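The structure under discussion is supplied below as C-alpha cells; questions concerning it will follow.
We just call them A, B and C in the order they show up, numbering each chain from 1.
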Amino acid sequence: MMGYNPQLNANGELQHLLTIEGLPREIVLHILDTAHSFLLVGEREIKKVPLLRGKAIFNLFFEASTRTRTTFEIAAKRLSADVINLNVGTSSQSKGETLLDTVANLSAMHADMFVVRHSQSGAAHLIARHVAPYIHVINAGDGRHAHPTQGLLDMFTIRHYKKEFAALRVAIVGDVLHSRVARSQIHALTTLGVPAVRVVGPRTLLPSNVSELGVQVYHDMAAGLKDVDVVIMLRLQNERMNGALLPSAQEFFKYYGLTPEKLANAKPDAIVMHPGPMNRGIEIESSVADGRQSVILPQVTFGIAVRMAVMAILAGNA
Amino acid sequence: MSKPLPEAEELLGRLAERMRASVTPDTALIGIHTGGVWLAQRLHNALGLRQPLGTIDVSFYRDDYGSRGLHPKVRPSDIPFDVADADIILVDDVLHTGRTIRAAMNELFDYGRPLSIRLAALIDRGGRQLPIAAQFVGTEVSVADGEQIELKKNEQGRLSLVLNRQAPA
Amino acid sequence: MKIQIKGGRVVDPGSAVEKVQDVFIAAGKVLALGTAPNGFHANRVIDAIGMVVCPGLVDLSARLREPGYEYKATLESEMAAAVAGGVTSLVCPPDTDPPLDEPGLVEMLKHRARSLNQAHVYPLGALTQGLKGERITEMAELLDAGCVAFSQADVPLNDNQVLLRAMQYASTFGYPVWLRPRDAALGRDGVAHDGQVATRLGLAPIPAIAETVALSTILLLVRETGARVHLCRLSTSDGVDMVRQAKSMGIDVTCDVSANHVHLSEMDIGYFDANCHLVPPLRSIRDRDALRRGVQDGTVDAICSDHTPVDEDAKQLPFGESESGATGLELLLALTLKWGEEAKIPLAATLAKVTSEPARILGIRAGAIGLGASADLCVFDPHARWNVEPAKLKSQGKNTPFAGYEMSGKVRFTLVEGHVVYEG
C-alpha cells in the first residue's frame, strides 16, 4: 500500500500536489526550474501566457484565507485560466452537504483543477482519492499536515539567494507542532539534500517525534541560529499564546522572537524568511522584518511564480 | 536514402553572408532555444550587432500543450532590450511546420509591438503547416517524415547537424 | 433436534481436549463426545471432516448499535454478522443512545436479542448515569435486568473521586467493573498515536501516557478497593508491562486487546485511511509487538473484536473528522488464528483467547465443549482461504482496515443451544 504514490499518475508524472513528502527530487527541481521562467514572465509588461486558456480552476477554500487564495488566483489568471472562488465555510455540518458531495457537484461543473484549503489534515488526500481522473488537486493547506506550494516557494527563495543547497544550515523557528508550513519545509529541505535542518522552539511547540523527520532540535535560540544561512520564522497563532502551551506572547518573544541581537548569531549574509502574515513584535521585530536581510516580500512574488509552475505542470499531465 | 547532411559551420558562414546586407547595427537578434540560441550567438558576433542578444523559450506558447503537457525542460526567456518598435530577426536551427515560429511570434508580442520580425533559419526542411516563411535560409534539406534534424554543439563550441529517427522533442 | 457433528477435530481449550471425534447434541446440549449414546438417531448429520469443532466464540466487545444508532446498524444485521463469525456469546458496551443506565433499556435489548435466537447477548451496564461520570447507576437493578458488569465504554471518567466511589460500591457486591484506561485530559483532542505517523501527517496526537497514567490510577484503586476490574483494549507496551507487574504482585485484574491492535500499527494509517481511525489508536510497531507478547504469555487474557459498525458517510471524511471504529465480528476468528499461526502457538491455546478465557472473565458457562453444557459451537475450516470483501460482510458496517487482506479460516457452521444458526 505504501508503494503506491497518490500524487503520481501511472507514468510517474505529477497528477496532484498534496504534500512534498514522497515527491521525487527531480520533480521538486523541475517545479523550481519552471518557476524561474514564470518569474521572468512576471517581470514583463504582459504578465500572462496562454497556457491554461479554457481551463477552469476552482479555489475550494474550506478554511478562510485571503492571502493564499489571492496568490493562487493571480497565478491562475496569469496562465489565462478561468478562476472560480468558493468559500465553502469551515464546517461541512453547517450546510449539511458532505465534503465529497461538494467536490462531486463541482466536478460536474467541468472543473479541471481544485485548489483546496481545509482545516483537517488529510482533506486534500481524501478529495484527490475521489475526483475524476482528469481533475488535478493542489493542496493549499490541510490542517497541520502540509502546505506544499509554500514549501516549494520557500525552496525557490533559498535557491534564489543561496544558489546551492548542499552546504546550507537552515533554522525553522516557532510553532512547528501546529505548522503545516514547517512540515512541508522540512520535507523539501531534506529532499533537496540540505545537510543541517534545525527546528527551534519550546518543547510545547515541537512534536515529540520531530527528530525522526531528520531535523536537529534546539530549545535555545542563540544556539539554534548559530552560523545558519537561512532563518525561517513561523507564525504564532493567537490561540497558542495564552493557554497551556505558552504563558504569553511576551514570554515567547523574549526567548524566540527574532531580534537583531538574536539574528547576529547567524551568518552575516543569512536571509530571514516568514510565510506570512507576520505578527510583528511576537515572532519577529519590525527592524528585522523590514531590514536588509529580510526576503519576506520577495517570497510573495516567488509564490506566484511557483504556483504558476505547479498549475502549468499539473494541467499538462494526463 | 537521403543525401548526407551539410556541414553546419559552413552553412552558418553562408547564412551570415546572406544576412549581412540586410541588417543594421540596431537590428535585434533573438535566438529560439536551444539550437537557435547557439546560432544567434554566432551570428551576433559575426554580424557585429550592437543590440544585446535575446533568447526565447516558446514552451508557454506552444499549441501542443494539451496533448503533450509542459515541456520537461523550460528555459528562461531573456529579452534585454525593448521589443517595442524594434527590428527583430528570429533565429532558429530547423524550420519545419512553422508552429515554433508562430509560438515565438505570439510570445514576442507579449513583450511589446515590434516594428518588424524576420526569420533566419539554418535549415528549411519544408513541410509547412502554417503560412510561415524564412527570409534568410542556410539551405533547404529534404528528410522523411519520421526523421528529425538536430543541431549539436561540441565542447569546443563547434556546431554540427545530425539526423535522428525518433519523435521530435 | 438431534445433531451429530461427524469427523471434526474437536478442540476444547478449557479442558485441553483436542481429538478427532464426533459430537452428539440433543435438547440443545452436548450429549456425548466420541461414541454415540445408545439409541441416538441424528435428525441431522453435519460433515465436519477436515474441520475444527470448537466452542462458539465469546466476544468481549461488539457494538450492536441498538438502541439509538439504527442508521449505522441494527440488531438483525449485527447478530447475523456475529454468528457468521462463529460468535455465540457477545458483550455489548453501554454506549447506546440512550446509554444502558436504566433496567428497562437493558431488558428491552435482551428481549430483542433473545427473540432473534442467535448469539447470547451480555450487556454491560453504564457505570455512571448517562455515562456522564457524576453519579453511579443502580447497579443491582441493572444486574437483575441482565447486565454482567459495569463500564464507561469509551467515555473517560475524569473525576477520580467518582471512580473510587463507583469501584467501592461495585466491590461491595462483587460486581465487576470494566474500564478502558484512558486519561480524560491527556491527548483528549487527539485522533492518532503520538508517534512518527501523527507527526508526519499532522494528526492531533494521543500519547501513550494517556493510557498508562489512567492505568496506573486504576490499578492503585483496585488495590485500594478490591474491586474486580477488567481492563479493556490495552494498546501500549508500557501498559502491558504494568499489567504484568500488577498480576505478579497478586492484583486481581484481567485485560483484553482488540484483534485490530494485535495486527496493525500506526503505519497502517498510510495516506490517512480513516478505517484505521480507532480508539484506542493504533500505536507503534513496538507497542503492537508488546501486545502480541502479552497475549502469548497470558498477561493479556483475551482477544475481542471491538466490533464497531460505522456508516460510510462517517468514514468518508478527513481522518480527524471521521468516526472511529472498525467492523470486526466476522474477522475475529481468522485474525486470532492468524496471530496464533504467526506466534507459532498450538491451536487450543490460540482458541482459548476467544473462547475459554473470555468466558472465564465473564464468569459464564460458555467457551467450552462440556458434557451437558449448552451446545454453542463453531465448526470452521482452518485451511479455507478467503479475501476480506467489505461489501460481502453481513454486518452493516463495511468499515474494516483489513479490506483486501487474505485470511485463513472460515466458519462453516455455528450452533447456539443446539440449533444451527449459521451455515456458510
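Criterion: a residue touches a chain if its C-beta (ideal position, glycine included) is under 8 Å from a C-beta of that chain, and two chains touch if they have at least 3 such contacts.
It should be emphasised that the depicted structure is a prediction, and the values quoted were computed from it without experimental measurement.
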{"item": "Identifier of the chain whose CA centre is least distant from the whole-structure CA centre", "value": "A"}
{"item": "Chain located farthest away, centre of chain A as origin (C-alpha)", "value": "C"}
{"item": "Geometric centre distance via CA averages, chain C-chain A, whole Å", "value": "44"}
{"item": "Whole-Å gap separating chain A and chain B, where each centre is the average of the chain's CA atoms", "value": "39"}
{"item": "Where chain B and chain C are represented by their mean Cα positions, the distance between them in whole Å", "value": "75"}
{"item": "Residues of chain A whose C-beta touches two or more other chains", "value": "none"}
{"item": "Chain A partner contacts - residues on chain C that touch it in the complex", "value": "194-196, 198-205, 207, 267-268, 270-272, 313, 316-321"}
{"item": "Of all residues in chain A, those that touch chain C in their complex", "value": "1-2, 6, 21, 92, 98-100, 118, 120-123, 125-126, 130, 142-146, 180, 183, 207-210, 212-213"}
{"item": "Complex interface listing, chain A residues touching chain B", "value": "13, 30, 33-34, 36-37, 40-41, 44-46, 48-51, 312-313, 316-318"}
{"item": "List of chain B residues in touch with chain A within their complex", "value": "57, 59-61, 65, 68-70, 72-78, 106-107, 110-112"}
